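What follows is a group of structures, each given as structure tokens.
Both complexes below contain chain A, partnered by chain B and then by chain C.
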Partner chain A sequence: MGQPLLEVSHLQTTFFDGKQALNAVDDVSFTIHEGETVGLVGESGCGKSVTSLSIMRLLSSGGKIMNGSIHFNGQNLLALSEKEMRNIRGNEIAMVFQEPMTSLNPVYKIGKQIDEAIIYHNKVTKKEARQRTIETLKNVGIPRAEEIVREYPFQLSGGMRQRVMIAMAMVCKPKLLIADEPTTALDVTIQAQILDLMRELNKKNGTAILLITHDLGVVAEMCERVIVMYCGKVVEETDVQSLFAHPHHPYTQGLLASTPKLGEHAERLGSIKGNVPSLNHLPKGCRFAPRCPKAMAICREQVPALEALDDGGLCRCFLYQAKKAR
Partner chain B sequence: MLRYTIRRVLGLIPILIGISIFVFLFVHLIPGDPARLVAGQDATVKDVQLVRERLGLDKPIPLQYLTYMDNLLHGNLGISLKTQQPVIHLIAERFMPTFWLSFFSLAWALAAGLLIGVVSATKRNKWQDYSGMFLAVSGLSLPSFWLGLMAIQLFAVDLGLLPTGGLDSWTSYILPSFTLGTGIAAVIARFTRSALMDVLKEDYIRTGHAKGLPRSRIVWGHALKNAMIPVVTMTGMQFGFLLGGSVVVETVFSWPGLGRLLIDSISYRDYTVIQAEILLFSLEFLLINLIVDIIYGFLNPQIRYD
Partner chain C sequence: MPEPLVQVKNLKKYYPAQSGILGLKKVAVKAVDGISFTLNRGETFGLVGESGCGKSTTGRMLMHLTEPTDGQIIFEGKDLASLKGEELRSERRHFQMIFQDPYASLSPRMSVRAIIEEPLIIHGVKDKSERRERVDRMMELVGLNSDQADRYSYEFSGGQRQRIGIARALVLNPDLIIADEPVSALDVSIQSQIVNLLQDLQDQLGLTYLFIAHDLSVIEHISNRIAVMYLGRIMELAGKKSLYAEPLHPYTQALISAIPIPDPQIKREKIVLKGDIPSPANPPAGCPFHTRCPKAMDICRTVRPETIEKQPGHFVACHLYN
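On to the complex of A and B.
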């Protein structure tokens, strides 16, 4: 497959809250190749969004990347100056956020907000930028694009605003699109439309997508590979078929069991017992052990490593490491 | 925008009528007989009666109101009881010095306040923030008469650069504007800081960064425009108060403004002048509110579409 487009290795992002240091992302490594769609899955607070914001170097104050490297196109993003990083943001790596209602500036017209992304990254006149804006809006399926550019965000529905956000992200033809829960805030019918749109853009422009979601249905629909995170660590990485056919990590199994399936009538939907531990009270040993139905003695003592499985996937669990050792 | 503006202006009409009634009734609401007041304490009952007829105070109140409005629309605000001059002249003479003083004070206060507020908000908890807020708290706590006196001592008496008071040339504006604007600059700085800090936490600011915009463009463009609404409200109110004339600063600098005129007329019970000043202040506030509303419309499109 050649050199990956994005290579995150041993990323550790820490939030400092007074004297406490909390590792929101702990030793996370993964790669994304050109044109690939990779899902990043996990419950709220597992470090998915922090991972994506670390890639963009847009962590809020208090958050700091302590360790690791992020290579994009062979360039270490962590070594770039703020100005060099600005040339990457919105230009080579773009981002779509969860909340289309609040992610657009309420006091600027749609056209202006997309134009400026073009103007800051390309030597173009305002008129050329506007033309490209209208073109991109049409590409993301916005009707009356010529009129919409003169409207304000509050005049559009949530689905339309998310289309605008996607247009804004795609307008400089980035190589990588990070979509952080892009459909969570939308109605189901609109969700399908937005996913279709992203898949189409991926096919047409060859844009790689890092899709952050907690919705396994979205993963099944969109992704080729999946990374499952729990408490700031990657617990499983595999291709999407194996994930649904035979999930390895008990956490992944639990996630799948708590997703309703068509045609099956379960009395009760499966659920993972307990809550995600808070980062300042992490259990000793495997972070999932207290909630794990298959936990063994060793799980409460030692932290398992992320190791390769026979089918090519990766899993962080003693169950499989024990088997292999035998 | 035009429709929004017209709607705002039309909305003023009932308020204007209300104000005119209130101001008209002022003479009847104060204790004592207005005719006796005009005629003087020593006047005979017959004289008072004559004055009452001359002023039309014996006519029914609605008729008096119409007469009052008719005079008002012709620029006739009555005669000062103290100086026997037309009130409109007294007010006109004092209005421009107060207006320009207010304007210059507000202009520099706005420039300095915005700058300090933006720097403090973007350099939160760094030395820039601490020094900005130290200046702001000082500006708020220093009494203006003290600040004015100190400024006179330094710049007028010791250095001899600027006049101590009065209004002779444009240099006369400098010290009073400085004194009046200090407190306002401090309030604007604090408002700007807190409003901007709130806005900087918004999702669309993150979107701006994700687009790769420079920080300066995000702060001065995206963030400040959203943060301006509370600042504009407060600035408008401050301008309203300034136009009423600042008694303290006008006294310190012997400024020929409306504030001192008001104090003089109150101590002399010059009711026609007081009445005219109340009317003027009300109109000024109305006008400023209208301007503030129009600026809102520019700042927040949602307001003008509602």
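On to the complex of A and C.
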């Protein structure tokens, strides 16, 4: 494993809705090493996207980082000025979003949007920037790159737009790429192309990837390590092999059982009862307790800590802590 | 012996479109271009394909939400495609639909009771107490508490809303449920609740499902037979086991190999297709898949392949097998 590249510790991001304060991300800590691909998994509302936006400091007006630190290459991102942050965004940390159409500017041509990033972060002429744009577009597998730079986003298909987004993210050769559901809006044959491309960029340039997704299949194919979130908290963190072979947290177990697997002819899928609670009605104690098939009395009273397990993983569950204490 | 419930014959939907300078050239977008299949009573028939393949249009044509351009939909000896007005309305009660987006398909201005009750009113159940009782029974059947019937749909979560949509579809005791991506907007843990509910209801009520989805893992789990569509045509149609164990069409092979498997132990050789899905406004001549097919031959570029029954019950439209 390489050097630690990104260290998020005790991050707490809060959204203010009138008088209410909602902790969308609550005491989240994790590390990404150089060249590593880490998956951040969870269902809607678990705080996975807010975590990534906090790292980029791109939270919308209602959201605020209340606590914690985010160190990138030894530098605390939360202590930087907005101008210093702009030098990091798109240059050292880049982001790819789920819906490429809403992330590309519809009134600028593709070439101009990518040139802009190069010119902002480097001392180059427009001509040099354009050359690099075309080169990067070719690297992400866009045919006729010389013509595409003169086209608008709406003239491209969904898969092509996502390639443009990735090209834009990769053009300054970032050390970290945050990909928030990069293939969710795409068809499965196109998804396979985009995942292939990301894997190649990771190998060739050594770019570390934080891959945010709800799709456990994508995680199994892409990631080395996985962080599972539920209701703003990390509930499990482990390497990808152990996650699928021995999931510890009952939530992780439930997620895996709920996912249909090809070629496995089960009569019925496993499931997790009930619904994800909303942030303003979080249960006392462990947030998963009301849905947990193994919940004990203590789970409804106290919040379990994220503790190390014997196999090197981390798990936030009293089941394992009780065993240890005994 | 399977008993056919609905027979779809050579169904087509062409949309008029214009192209060329000033839109002078009239062309047809062939959203569905001559497909045939049979739905057997009590089975789940999966319709799978990528965006723009015509799977949703097919479902909507069965419901008459979209008028077919040509072809037949035969149900109990009648051709539904040719029915109109009152006759169509009374036949349509046998088919019901569940939609993809439970946020968009339920009116925010109606209570849950009003939503589930509406089909009963339209189809002439005049007795108010009977309607009340049937709504309550439906809500319990799909796992909702009938005490909540006077709430509005926006007070419910996505999974619960989808249950409301299912209750609305079932309240008229239909024979066929057309489920268009019923779980793709839901979270994984909720998705499996709904899939299990649909299977339980099928066992209890003997329903037939046309299950439309892009997710091949879900389709494999729930379906008995599956048709794979591409650009308005059925490329392959087979029983679940033989389709996944022995996919014949190169498109099906690529589609299956592209599914990410939630098990890092399994490493497969992937078939990564080149290029994008062509526009249905300008589909390639011959086999519509030839532009991306790794096994394309000369004939594929010019001649549309006939559908043949390669093995009993396993149909494929590909020149490799002719």
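We take it that the second predicted complex is superposed on the first by the 323 of 326 C-alpha atoms of A that agree within 3 Å, B and C clash if a C-alpha of one lies under 4 Å from a C-alpha of the other, contacts with A are read in each partner's own complex, and residues count from 1 in each chain.
Note that in this section contacts are C-beta pairs under 8 Å (C-beta built on N, C-alpha and C of every residue); 3 or more make two chains touch, one makes a residue touch a chain.
Note that the coordinates shown come from a computational prediction; the quantities given were computed from them, not determined experimentally.
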Requested in this report: State whether A:M95 touches chain B only (first), chain C only (second), both chains, or neither.
Outcome: first
Report task. For A:V276, select first, second, both or neither according to whether it touches chain B, chain C, the two together, or no partner. Result -> second
**Report entry** Contacts of A:N87 with chain B and chain C, given as first, second, both or neither
**Finding:** first
Requested in this report: Identify which of chain B and chain C touches the larger number of residues of chain A.
Outcome: C
Query raised in the report: Just chain B (first), just chain C (second), both, or neither: which does A:H121 touch?
Result: first
Query - First, second, both or neither for A:S103, with chain B first and chain C second - result: first
Requested in this report: Considering only touches as defined above, state whether A:Y152 meets chain B (first), chain C (second), both or neither.
Outcome: first
Requested in this report: Considering only touches as defined above, state whether A:D215 meets chain B (first), chain C (second), both or neither.
Outcome: second
Query raised in the report: Taking the superposition as given, does A:M168 touch the first partner, chain B, the second, chain C, both, or neither?
Result: first
Query raised in the report: What part of chain B is in contact with chain A in the complex they form?
Result: 124, 202-204, 206-214, 217, 222, 225-226, 299-302, 305
**Report entry** In the complex with chain C, residue positions of chain A that touch it
**Finding:** 43-44, 157-160, 187-193, 195-196, 214-221, 240-241, 244-245, 254-263, 266, 268-273, 275-276
Query raised in the report: For chain A, which residues count as touching chain B in their complex?
Result: 56, 58, 61, 86-91, 94-95, 97, 99, 102-108, 116-117, 120-121, 152, 154-155, 165, 168-169
Query raised in the report: What residues on chain C touch chain A, complex-wise?
Result: 50-51, 157, 159-160, 187-193, 195-196, 199, 214-218, 220-221, 244, 254-265, 270, 272-273, 276-277
